[in-house]
Amino acid sequence: MDMDKARELLENVKYGDVSIEQALEDLRDLPFKDLGYAKIDNHRELRVGYPEVIYCESKTPEQIKGIVEFMLAKGSNILGTRASEQAYKLVKEICPKAEYNKEARTITIKNKEAETTSTYIAIVTAGTSDIPVAEEAAITAEIFGNRVERIYDVGVAGIHRLFDKIEIIREAKIIIVAAGMEGALASVLGGLVDKPVIAVPTSVGYGANFGGLSALLCMLNSCASGISVVNIDNGFGAGYLASMINKL
Amino acid sequence: MDMDKARELLENVKYGDVSIEQALEDLRDLPFKDLGYAKIDNHRELRVGYPEVIYCESKTPEQIKGIVEFMLAKGSNILGTRASEQAYKLVKEICPKAEYNKEARTITIKNKEAETTSTYIAIVTAGTSDIPVAEEAAITAEIFGNRVERIYDVGVAGIHRLFDKIEIIREAKIIIVAAGMEGALASVLGGLVDKPVIAVPTSVGYGANFGGLSALLCMLNSCASGISVVNIDNGFGAGYLASMINKL
Amino acid sequence: MDMDKARELLENVKYGDVSIEQALEDLRDLPFKDLGYAKIDNHRELRVGYPEVIYCESKTPEQIKGIVEFMLAKGSNILGTRASEQAYKLVKEICPKAEYNKEARTITIKNKEAETTSTYIAIVTAGTSDIPVAEEAAITAEIFGNRVERIYDVGVAGIHRLFDKIEIIREAKIIIVAAGMEGALASVLGGLVDKPVIAVPTSVGYGANFGGLSALLCMLNSCASGISVVNIDNGFGAGYLASMINKL
Amino acid sequence: MDMDKARELLENVKYGDVSIEQALEDLRDLPFKDLGYAKIDNHRELRVGYPEVIYCESKTPEQIKGIVEFMLAKGSNILGTRASEQAYKLVKEICPKAEYNKEARTITIKNKEAETTSTYIAIVTAGTSDIPVAEEAAITAEIFGNRVERIYDVGVAGIHRLFDKIEIIREAKIIIVAAGMEGALASVLGGLVDKPVIAVPTSVGYGANFGGLSALLCMLNSCASGISVVNIDNGFGAGYLASMINKL
Amino acid sequence: MDMDKARELLENVKYGDVSIEQALEDLRDLPFKDLGYAKIDNHRELRVGYPEVIYCESKTPEQIKGIVEFMLAKGSNILGTRASEQAYKLVKEICPKAEYNKEARTITIKNKEAETTSTYIAIVTAGTSDIPVAEEAAITAEIFGNRVERIYDVGVAGIHRLFDKIEIIREAKIIIVAAGMEGALASVLGGLVDKPVIAVPTSVGYGANFGGLSALLCMLNSCASGISVVNIDNGFGAGYLASMINKL
Amino acid sequence: MDMDKARELLENVKYGDVSIEQALEDLRDLPFKDLGYAKIDNHRELRVGYPEVIYCESKTPEQIKGIVEFMLAKGSNILGTRASEQAYKLVKEICPKAEYNKEARTITIKNKEAETTSTYIAIVTAGTSDIPVAEEAAITAEIFGNRVERIYDVGVAGIHRLFDKIEIIREAKIIIVAAGMEGALASVLGGLVDKPVIAVPTSVGYGANFGGLSALLCMLNSCASGISVVNIDNGFGAGYLASMINKL
Amino acid sequence: MDMDKARELLENVKYGDVSIEQALEDLRDLPFKDLGYAKIDNHRELRVGYPEVIYCESKTPEQIKGIVEFMLAKGSNILGTRASEQAYKLVKEICPKAEYNKEARTITIKNKEAETTSTYIAIVTAGTSDIPVAEEAAITAEIFGNRVERIYDVGVAGIHRLFDKIEIIREAKIIIVAAGMEGALASVLGGLVDKPVIAVPTSVGYGANFGGLSALLCMLNSCASGISVVNIDNGFGAGYLASMINKL
Amino acid sequence: MDMDKARELLENVKYGDVSIEQALEDLRDLPFKDLGYAKIDNHRELRVGYPEVIYCESKTPEQIKGIVEFMLAKGSNILGTRASEQAYKLVKEICPKAEYNKEARTITIKNKEAETTSTYIAIVTAGTSDIPVAEEAAITAEIFGNRVERIYDVGVAGIHRLFDKIEIIREAKIIIVAAGMEGALASVLGGLVDKPVIAVPTSVGYGANFGGLSALLCMLNSCASGISVVNIDNGFGAGYLASMINKL
């Protein structure tokens, strides 16, 4: 439609129905969206084939079902994060191949098989309680077409566990570390590897962890280089960013 | 030396001077560092040619001079961050080609020309007050051998300035955003580009910015994907990480 | 009544029943409210016709019903904010035309049609999760007699959505922005329009948003001019203030 | 220039040198800034005649002098905020009519007399220590062409002082309140007037005022309606916003 | 028993069975508690007749019942604070005259009529939501034998309400102010009266009140003199302290 | 003067020069201050003879000198708090009997000898570093006519020091406790005495004392009854309130 | 297995199947864990006989049961902390001798009787509400083989209670203090004893205790020497550390 | 003197001048300090030979000199912490053997050689910037008669440095860890050793370290057992406590 307006304008110029001065004026008045929108957003074109993502936290199961229904029509893969089991059940009704990961609280629908990267993302957790956040990252990375290696429960309180797995971590292209409590694993790993580390503080802990603040501050102040941080419990954000870097 | 001990042990085994059981026992007792050290650190080998970095904040000018003296012997490039002009003057005495960037407060010594990447890192600031932090990032990235494009003073209060430069930002391999006050530029950029964004909150501002807390929280809570955050005013960290990703 | 006392006093002076000294004494002793009250409060006269407002948060449904009952007698329009559905049901019993907005959690009773302003208030949200707060603002503004335009889900992560609607926002007399997470929309809008912007941080988000603190600090530190901030989730306050300004 | 490109394109269409399809393609590729820029920013045209503002906090006196020099050429009025006396002296060298307000730390240069509004902005402070912030607001409002009434030192500890001045405050079109310590004056005023109140928390106080946090939180949580808040010590922001509203 | 030991020692001295030096030595060894205890605590004797107080928050209904049972034997008046209705029901079983105040969440048992003071404590609230805290203070003060005057819902948003009641507040010997949100009432009252003011911040409010922090900071930073502050929602503490002062 | 206006009005009524209706109107229009002012402020009459207080923190030495000059004319006693030695020197020029307490940073001028109370205020500090705050309280209390007993350096780390002085503390009418670091002395004293305790947290300490926050929170959460708290380092406030209570 | 690889290597060296140079190379390549692991962890050997500990907070009852089942096979004593009663019931099914402490929320299984130390750990609480945390510490210390003395409810509000028990506390080898609210007991005890004090802040309290922050800061800032602090409510950590010190 | 009173009492009993009942009464009335003081403090007797400690932070050089002078008379060793060089110079005048450690800011005077323990305290730092705090701990421990091993600059960013020194750390009786920034070293060490770890967060760092808060929270939330924490930068406290434990 917008393009139609532009075309009409050009035709009018071509056939002399509109003076150039007038056309310039009109061009300036063309609703911003008509040209600008496409322009601004054309980087999004590159993302074609990307899965659609639904952040389910504050949506009702019915709303989620509705959004999925709409997306299914487009045939893309779908990822729902922070989804309740109840929401999953509703989605399942309209899409039997939908899968639910209870720990990560994700709904995934794979409509087409994405090619998987040869390089991989290592996803590392300090404890078992950090696994839900790590799984959210892992499932995100996977549905975006990345190979993922999970290395869980290798926190610094028993550092040999980490050394035992260090080779597989070092060979990753990028590393995600999910850790709660004092979040020291990010710093230790940062010193052991020569790859970018995305640190995800988790809210695991109690008392003076203040809902993940301790791990967050720890990671931001890491004395090791090559570490950056996402929001507390933001497994999706870490997985998405890691995917972006893994595909560079 | 450590390898000498191991060699001696093996020779003793070979010539029967030590039983296999005893050798196993000895092997277990070999000081950790002797083997483990090399092992743990061998990823550092890959870093050969990396510039040496000195964090000058809490060191006296004399200490900095001493460290530089030691490093010069190794012939590597040198980067001193958070350096006072006074420290620079002392360094200059022993190394006339040392350069000082007053804004970024960096000392740089280029002993050998590093090859520069063809892909580049875009370094973007919201305001002019964020430039010192951005320059620390830029100088870091450059001495690590990266091509850098500086896009300064394109904050969201006049968003057309950002759009004016959006093409050069989009074509970067990775983007650093330094912003103080409300730090909104990171989110806006995150929605406009399809590249990893490293956000550096700066302490620029006053009152309820609480020394950079406002920008830090803003960036951590960004609704755009593909953004991660480093410590407040940590230009070096952003530059180092960007270099790592740019070279992937 | 108070005026009656004053009149009586003056009559007594006039007819010599009370000496001037005594009257001066009495005047000083007239209960503060009798004169002062009216004086202080006479600006409230201007508000005649204003809807009555009930903040329902910490009141029982029974208390709310009682207050509504009392207000109905005065014939004014009524707005109940932060009202539970249960409270609404009780109110409905005594006032069948009461309406409930589930999202905004408001009860509204329109006893007389207020004239609506020709200028309008634009109410903008960053995401869909900010809509309840925005709706509280919208319903407040409407029952105070303002024309309202809702522009929802135009957050900075996809800034073209905002540009698409920028004309309608620019033509408003005043703009309310409700945004959670990093709250960057307020700054971006502040740079795009030449109208006062009332920013409402919402508690939408998780982790380091600390219950809305991130959006609050972001908005307070905005580098754009013309922005002021109300309490986290305070849709009512924003709507009320916008109404006040819209009617200037 | 940008318009030149567009004109050239249209001429090419007109004379058949370029097909319409090709022109559509080119149009889409016209650098964003070329059209969009003007579009986005054309609301700024309305601001013609506005004084230029320089935030001097993190700029050197030399930089400030340079910026003033550039602005003088355009003939607009100029306002420098958070300016040191040293900066003023340098500016004075190139512009003898520059004035400095020591308390407010502002540099003002009036090149043309702006028309002054008939309605006025009341600027109220709780104590004498809040005056510097209030003066920044007042001088800002004045150079933007507003009539200002100053009502200083009427804090709640001696509330009769406020009542004594209440009439002049009530007749303002909009009110700015600057208060530190507990910042209660904003709430009290909010209950006494029927006008929008812009509250500026100041950092005046000590101990548990935590650099202005106490006044900030107090004002954000005000139980009176019609109040919004700007950053701690942000006199400029309050003056700018008040000017915007005063001119509605 | 302890006294017995001391007596025995003195008898031994008297009859020469123990030398004075030895007795001095023994005296030094007498268990601390034996003398010290009584000494330290003898100020508590003055409190005879004081009601017994039970802080019920973290106790089970059964525990509370048990403690009441024990206290009843001593015949004193009893005050249970932060008590659930369930706890009250259990207490009622063993003490039919126990009374429960649902708002204040107090259990009171009056076994003997305490004399009531002629001077009174004024208990003032800003809003109706602050009444539960005020009632805890009032009931505490009453069971400790004080006359109490309740002046509720006179917050600063409608300051005439306060002036209307100012005389009764001024004639109190001491004043308690309970206020949430911005807590400005304490400052205003502090400026209007010449009596000690005990300010109780309440957790009433939302968003940036951060659980009562806003009112707490406001009250601590009050610019009026004669105000001191107790913990958030600590009605009991305010009532107890006011009773202490009222009886001076 | 104000009374003169009222008298004139009444005379006009008496002699029929003004109708009652008109007089009612005028009465309503009498400037608020004229009647209300006196009314509101008449509690201040009781304070006649009170020393005048100057909070010197944010005033220049010249301003302070000016204020003192003005006050001297009234003949009252004068207390300047948070005064620099420089300010004192200027004051000394115009008032040779002015005295300066270097520790407490107070200027005192005694123009007339106030009667001293027979009951006394005990002022207790935990350490020697808390003495400046305590002295501010003591000097305040003394110039307001109170007998003061100083009991310094009796902190809980060596609790026998406290017990050694407990009798003199117990016999006070009211007790001020100034303590930094963990501020535990307030709680301990609160349990040992049956008198109101005003706790003044001081900013003494380092690290996690966060400028006095540790002592402030400690005192607010005291498990002992009868304690209330003023702002960090607010010796004046404690002394003023104690004086008020001591004179009840 | 790892040792098998090492043995094979040595045999190959011994019998000349592998050159020493090659063996050195291989040795360097032996997976880190094979040698390093044992080395790093051999301090754990010393811990043989230590009970196994399960932190149950974020584990399902089924997971806990599974872990216990696995541990039972090893015959060690087992301690489950922060366990729900439901988890206990499941554990009880497979291990009838399992015991549950409702207050401390611990599951304990004693498979072999550990020798108990002759020296003891004194565990002291300020109030009865701190007992659950203290019991977690006590049960931890006991299952690790320590003699424990419990001294509960001796807070500073009635300090004679503490003195009454001071002898038994002084004779301990190490002391744990659990206290909420203002946490002053740690400081007082620290001044009375000459033994290490482990302070456990508890979350007991309300309002400005901010979930235990007040007690935490108080304890960290203690003016008494010999005190160190663990996380809020971390009874296990205190018990474990005390056991470690008690056995030195 | 106190003992004199007691002796006189006993003599009066012995010679029948006072009845036993009367003596019991008198005994009860003996000022608390007279007996109780000695009693409470007699644990301090054990400390005879302990160095005297002066916290110099808020004392003038003259005051420090005076205190040292007084202490010298008693012949004990002396430790002054947080001392300026200026204070040292004054002390040096009266005590030529006084020594000053510029980094640790300690003054030490050794009047008698204390016996040194055979077991030792390992003092470990993450970086070189943490050394001043570590030295304060080391010098404290040494003057209290402990053998100390310093292991500096072994932070987790290059963990092999730590492993290189792990044996000497493991053989200590107790370990002090001083670390700023993210403070992760404490957790890592806690997992590698089986000895008590005293963690000292330092204020080293910038930005989101918030004056040491990041390291403090990290250490409090450590997932390793056997760790306790002292105040930020509290080297003295750590050294004192370690000495206490080392001598158990």
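We just call them A, B, C, D, E, F, G and H in the order they show up, numbering each chain from 1.
The definition used in the following text is that a residue touches a chain if its C-beta (ideal position, glycine included) is under 8 Å from a C-beta of that chain, and two chains touch if they have at least 3 such contacts.
None of these values were measured; they are calculated from a predicted model.
Novice: Enumerate, in label order, the chains that touch chain B and chain D alike.
Specialist: A, C
Novice: How many steps does it take, at the fewest, to get from chain A to chain F if each step moves to a chain that touches the one before?
Specialist: Counted as steps through touching chains, the separation is 2.
Novice: Between G-H and D-E, which chain pair shares more contacting C-beta pairs?
Specialist: Result of the comparison of G-H and D-E: D-E.
Novice: Centre to centre, using CA atoms, which chain is the farthest one from chain E?
Specialist: Checked the centroid distances; the maximum from chain E is B.
Novice: Looking at chain F with chain H, do both copies bring the same residues to the contact (over half shared) or different ones?
Specialist: different
Novice: How far is the middle of chain A from the middle of chain C, if each middle is the mean of its Cα atoms, in Å?
Specialist: 38
Novice: Take the average of all CA coordinates in chain E, do the same for chain F, and state the distance between these two points in whole angstrom.
Specialist: Spacing between the chain centres: roughly 25 Å.
Novice: Give me the residue numbers in chain C that touch at least two other chains, ranges are fine.
Specialist: Touching at least two other chains: 32, 36, 40, 158-159, 163, 166, 192, 207-210, 213, 216, 220-221, 225, 231-232.
Novice: Which chains touch which?
Specialist: Here the touching chain pairs work out to A-B, A-C, A-D, A-G, A-H, B-C, B-D, B-G, B-H, C-D, C-E, C-F, D-E, D-F, E-F, E-G, E-H, F-G, F-H, G-H.
Novice: If we count contacts the way the header does, which residues on chain D are in touch with chain B in the complex?
Specialist: Those in contact with chain B are residues 31-33, 36-37, 40-41, 57-59, 201, 203, 211-213, 216, 231-234.
Novice: Name, in rising order, each residue of chain F that touches chain G in their complex.
Specialist: Counting only chain F, the residues touching chain G are 126-127, 155-159, 181-184, 187-188, 190-192, 205, 207-210, 213-215, 217-225.
Novice: What part of chain D is in contact with chain A in the complex they form?
Specialist: Residues 3, 6-7, 10-11, 13-14, 16, 20, 23-24, 27-28, 30, 32, 35-36, 38-40.
Novice: Within their complex, state which residues of chain E touch chain F.
Specialist: Residues of chain E touching chain F: 40, 43-44, 46-47, 163, 166, 170, 173-174, 192-196, 198, 216, 220-221, 225-232, 236-238, 240-241, 244-245, 248.
Novice: Along chain H, where are the residues that touch chain B in the complex?
Specialist: Against chain B, chain H makes touches at 128-129, 158-160, 163-164, 166-167, 204, 206-210.
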